[in-house]
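These notes open a run of structures that come right after.
Paired with chain B in one complex and with chain C in the other, chain A is shared by the two complexes that follow.
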Partner chain A sequence: MKLSKAAFLLSAALVAGAPLAAPAPAAAQSADTIYVPLFTYRTGAFAGSGIPIANGMRDYLTLLNERDGGIGGVKLVIEECETSYDAKKGLECYEAVKPKSPVMVNPWSTGTTLPLIPRAAVDKIPVLSMAYGLSSSAKGETFPWIFNPPATYWDGFTQILQYIAEQEGGGVEKLKGLKIGYIFLDASFGREPLPLIDKLSKELGFEAKLYPVAASDMQNQSSQWLSVRRDRPNYMILYGWGALNPTAINEAVRTGFPMEKFISIWWPSEDDAAGAGPGAAGFKTLNWHAVGADFPLHQDIRTHVVDKGLSQTAPDKIGQVLYNRGVYNSMLIAEAIRKAQEITGKKVVTGEDVRRGLENLNIDEARLEEIGLGGFTSPVKLTCADHNGHFPTFVQRWDGDSYEKITDYAPPLSQYVLPLLEEDAKAFAERNAPWPARTEPCDN
Partner chain B sequence: MYDVFMDPFVQMAQMPDLLVQVLWEGLVSGVLYALIALGFVLIFKASGVFNFAQGIMVVFSALSLVGIYQFLARNGFSGHLAAFVALVGAIGVMFLLAVAVEKIVLRPLVNQPDIILFMATFGITWFLIGLGEIIFGGEPKAMISDQLFLPRGAWNVDMLGGMVVFQKLDVAAAVIASLMIASLAVFFQKTRIGRALRAVADSHKAALSVGISLNQIWVIVWFAAGVVALVAGIMWGARSNVSFSLQIIALKALPVLILGGFTSVPGAIVGGLIIGVGEKLAEFYWGPLVGGGIEAWFAYVIALVFLLFRPQGLFGDKIIERI
Partner chain C sequence: MFYREAGQFKDNYAADRAVFPILQDRIGLGVILLAAFLVVPLLGNAFFLNSIMTPFLIMALGAIGLNILVGYTGLLSLGTGAFMGVGAYAAYKLTTSFPQVNVLIWVMCSGFFAAAVGAVFGLPSLRIKGFYLAVATLAAQFFLQWSFVRVGWLYNHDPSGAIQIPARTLFGLPITGPHATPLTQYLVVLSIVVFMTLIASNIVHGRIGRSWMAVRDMDIAAQLMGIRLLPTKLLAFAVSSFFCGVAGALMVFFWLGAAEPVVFDINLSFKILFMVIIGGLGSLIGCFLGAALIHVLPIVIRMLPLGGDAAMVEHLTFLLVGALIIFFLIVEPHGLAQLWRLLKQKLRVWPFPY
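For the complex of A and B:
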């Protein structure tokens, strides 16, 4: 009897926990559907960032099913797999969805993306790591199955440097002699720009101070900010995720760091900044798309998805930074499938077809208007050689209530990034020798 | 060699205000670690169980507080009074949890080996994670600091040729945690229930033979651990927000316990302070030598050193095994 109760307890715990960690029930690509798995994290330490992105991605694809009957008349099978932003679970999700012939995977984690890079070519499943993952996977010649538009972490870092130089009254020569702090999640994502920082600090003459934050200490950053107080950097750059972002903003406010000189890569949300109170005003982040829900597409999402009870999004969250990031991600997914249908003439496309679709992706302003996202972002065009595009981004400023765009779109410092990407792609192939030479055909 | 053995001390001498600041930050962290460790100690003393669920109890109690407040606010009842109603509600939730744990987990597992009880606390952890996410969602929640009268802002004190910043919230956290620890110590040292708890800790059988209800004691200690978790959750949550990543911080209590001893309340306090101050000093003065980020593991190094020389911890009972 005692043991049976213990067994009951364990069963109850498993029943409560299992649905949150395990892949969703089986749903495979059939003859008349296209299977699009979404790796999401609605649970765990990173859920604060993961939930709005998951909502944006899902709502956009659900809209296509509800309003248009799918893409090109083919319904999408949308299936979420919960990763908790854990690379191990991400790989489990990958293995779970692989037999169901996904047309692509979106890992939403640099830690998951990295081990998928060698597998993608073998399994013929393209990986879309939108503005995250390995920066040099932009090189299509070396990584024909990996796509990371619209900008790499390296691009983002140079865009922040460029903004700093402008604040100092000129070009990158103004960076000389500055002390720039870099606070980051001490994981694959945050460490990604370190080679670039090392190189640029020497070339451009600024001093880089590194402040790594372990995932276990995301909400315990007082040491890092004490070091900031000692080192007195002129500017701080943030590459954070999950609970790291609101804590960093909070600590910056607490220690009196000038918020106008605190600039982040594109991940912090409204909630991340709002939690620090009015003192967070002036905090800045990069972005490449609009914030807000004043677009025809958002209206359609409300009408066809939210009002029908098909969304998990709170109405007031529609249009926030990370929700729109999810929308943007699904726009890329949908347009790649559409392009694949156009190139191959098939309705039900495969991963191989969608890889070609991604390589020929061309979302110009006219197409953005058709989608209902006119003025939402800058056009996206990829090629066989360039799987990223290195598109421009802008700086947005937190005014205490919302993010406000304060600069025009500006391109990255490609003269520094591109040679380094080339070098890094080559080094990656050498490290992983024998790295297969590209055999995939090119359509452009 | 100079960088390791001399430079940090030169820095301390040159910038004494920063040294005081580091010590203060370490002290605040240490008090909060001690608070979490105290929850472990209470349960370990009473039932010999290392409660792996203590971390999620911190998150679950804080989520209950914020969740109840949000529920009240949605129904038109907000402000300070609502916050204190939510506080009472959260304490009630922790009491119900204690009763449920005793009835569903502990009672059926009486006389089972310690490892079984330990694994059962894993089950409680996953159950509470799932339940918390189902009820409250996975999004981080802002702590209701203002409604609970937790102060904002800082006192900037000019001293030692520089300035030391004392965040009012940190001062409040240190004071509240110290009061909490002191009252628990008095409760368990001076009251009848406290003596009963110590009797249970010494020997379950002997305690039962003099009429002490084991079940009642377990409910009391799990409830006390739940209240301690709630206070820790409020304080950590007010420093950033209430999210499931807080449960990871609770694992910092492990080196604290190794240092202080699993059965010692003063040990949890002293261990917390040593770990809190030690890791801040190490990160601040020695961290830059290895690229930073040593805080995440330094506490375990301190604990390892203690394990080598004093396996029972600073104040733990000496382990005597007959072979």
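For the complex of A and C:
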């Protein structure tokens, strides 16, 4: 009976406490800061991929605050919201940050990006889904508020095909007669290339073998790899995220698939490959930025952020693939804010200004050098019509303990991707009729 | 002292059989409804409406659906998430195929599709019970989720494989899509949930509900008393799935706005099942209490000024919610609804111990 009295009291306390805990109406954002929320996932099944990205994003922005006093003299308010890579929690985060007028959101999940696509225009908050989300949101005419530089999953797929063709000693015509396996996360992310594969396999004459992996058994791919063993594809292409990547690499090593012929989209990290031991050497992934911490910017992050104890990053993890991916993402955020300040002449910019900043984003070699990332990546320039850029990527090879860049930056096969994008953007607007026509003026 | 039925005489059978025979209960219910329809919209901000209240009501409706099956009929099901998905996909297909019909009609109709699917997967329930049935409904979960991914027709061949809810209006007011305000969406969801809870209450208190409970308590005895098991169990599956289907449609249309198949995965089934178990099997109010504990409490804890970074808060939330669940299950294995019943019992005799 005593216990149940306690239960009563506890439930009463919870009931009474609930309204108190409702978020204080938008902790009045001070007038001279810029609010940048970061949707991160340091918990859950995808934390392995999420933590380095979160660290990279956070460290770069913290560096700007510590070293330069923010952007253009305006401090950034950086706030993380934990999503656990769950679309519902991601939306909850979005609702929680919305009243604080963020200048941009980075959902870091395709599942969260999709519901935000129609809302962005209404809430006047641009969405930067860096190389994920809806591929056709590259079309600025249809999606003025969504940005997905520097490459789409379709671009990535053509680049992998190009690389395979090179290995076979020539152009894409060399793909004829090859058997190419595609192992992918059976969700919107991995399924996106399927229409392209369908089209290209007919046009270029290769045979595509599909090996879908459901999100619920990412860590159990034995049946897929049994099929791989039976089908004996000449090459394997991997589109995975979270635990899917290390498992696939492990299984490939176990089944004795030639690792030199196993090529992934840009998401696997060092940890994903290292887990499979020395046998994983030869595994390849696409990338669009350098790996390593030899850039002046990384030195600054060490001095101003990590050494001061403002970071959660272990010092030896600075410069890993996904850490640098987070740095790249934050560089886009910061440069967009800077551009917005430049265009509008205002110091404290809003989401609407930053949308213009993103459309006029122009990070050239000289600017990269200034940032401290000279040679880190290829220049980024967006326009009103093209919110993606379809920038070149390169192939990097896992040599057993680090990724080495083995090809030059090469552009994607736009002749195959662009018509599909066009078609898809149109179809999206039709399916979601009445889709609002673009009313935002163009600055370039 | 304040809560007792002394002096409230019933002079007809209808009054005697009322769901809420005590005047104070009816007043209390009125106050809650008044608060839900007036106070919450007046005081709540967008976050409170959109991220706490609307999902809470939708989850509670899903829990009512499952409770009909698990709590009232005694059939264990793990397919709730998938049945909610059937409702969502059905409503999406219907509204994109026939946009001129009001979306609310399609949301309600989506329940019938879920009911049909639920009845089909309920067929094994005649032969198998308990955990074995749970495994059979698990098959529904996997099969349906597989269809949501593979059958392109269901999501109109969208290359991202997700369903995007188009903008729809009610009396000229946008209720779905980006222009719908959290307030209108909340009121729409609230009206539907209140209406459906009323229906559920009537069903479970009537002849059908009694036959379900008879089957739950001992199916052989129920059979001997003339209850035909197969139709009764299938009806329970159908009605349960109807509620779940509507809840699923509400979830995508009035809360998420777009959904990937993974939204309706086994985790959702578990979440709803936990709401039912912790709220109280065979109790409608328990569904709301369970939904509050499982869905609202973590959000509330995250909002508390606990300090630490986002990931730390997330871990703390896990710990706290887990501890609370264990605590409530130990002190009251019959769920929060039982706590409520005990409280009423105490109130009745208060201030005297007996």
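Quick note on the criterion: the second predicted complex is superposed on the first by the 415 of 444 C-alpha atoms of A that agree within 3 Å, B and C clash if a C-alpha of one lies under 4 Å from a C-alpha of the other, contacts with A are read in each partner's own complex, and residues count from 1 in each chain.
The rule is short, and it goes like this: a residue touches a chain if its C-beta (ideal position, glycine included) is under 8 Å from a C-beta of that chain, and two chains touch if they have at least 3 such contacts.
Bear in mind that the values here come from a model prediction, so they are computed numbers and not experimental data.
Visitor: Once the shared chain is lined up, is A:432 touching chain B (first), chain C (second), both, or neither of them?
Guide: The answer is second: A:432 touches chain C but not chain B.
Visitor: Classify the contacts of A:186 with the two partner chains as first (chain B alone), second (chain C alone), both, or neither.
Guide: In the superposition, A:186 touches chain B and chain C alike.
Visitor: Once chain A of both complexes is superposed, is A:271 in touch with chain B (first), chain C (second), both, or neither?
Guide: first
Visitor: Mind working out whether A:43 is in touch with chain B, chain C, both or neither, as first, second, both or neither?
Guide: Both chain B and chain C are touched by A:43.
Visitor: Looking at the overlay, what does A:414 touch: chain B (first), chain C (second), both, or neither?
Guide: neither
Visitor: Going by the contact rule set out at the top, does A:135 touch chain B (first), chain C (second), both, or neither?
Guide: The second partner, chain C, only.
Visitor: Quick one: classify A:222 as touching chain B (first), chain C (second), both or neither.
Guide: first
Visitor: Touching A:303, do we find chain B (first), chain C (second), both, or neither?
Guide: After superposing on A, A:303 lies clear of both chain B and chain C.
Visitor: Please work out whether A:444 is in contact with chain B alone, chain C alone, both, or neither, and reply first, second, both or neither.
Guide: Neither partner.
Visitor: Both chain B and chain C touch chain A; at which residues?
Guide: Of chain A, residues 6, 10, 14, 17, 42-43, 186, 214-216 contact chain B in one complex and chain C in the other.
Visitor: Could you please specify the touching residues of chain B with respect to chain A in the complex?
Guide: Checking each residue of chain B against chain A gives 15, 18, 21-22, 25, 28-29, 104-105, 108-110, 112, 116, 120, 122-127, 129-131, 133-134, 137-140, 142, 152, 154, 165, 167, 236, 239-241, 243-246, 248-249, 251-252, 279-280, 283-284, 287-288, 291-293, 295-296.
Visitor: Quick check on the complex: what are the chain C residues that touch chain A?
Guide: 44-48, 50-52, 55, 96, 146, 149, 156, 158-162, 164, 166-167, 177-179, 255-263, 265-266, 296-297, 299-304, 309-311, 313-315, 318, 324, 327-328, 330-332, 336, 339, 342-343
Visitor: Applying the document's contact rule, which stretches of chain A touch chain B when the two form their complex?
Guide: By the definition above, chain A touches chain B via 1-2, 5-6, 9-10, 12-17, 19-20, 41-48, 50-51, 186, 210-220, 222-224, 226-227, 229-230, 242-243, 246-247, 250, 254-256, 271, 274-275, 277.
Visitor: Give the list of chain A residues in touch with chain C in this complex.
Guide: 3-4, 6-8, 10-11, 14, 17-18, 21-23, 25, 40, 42-43, 80-82, 84, 87-88, 91-92, 95-96, 98-99, 110-111, 114-115, 117-119, 121-123, 134-136, 186-188, 191-192, 194-195, 214-216, 312, 424, 428, 431-434
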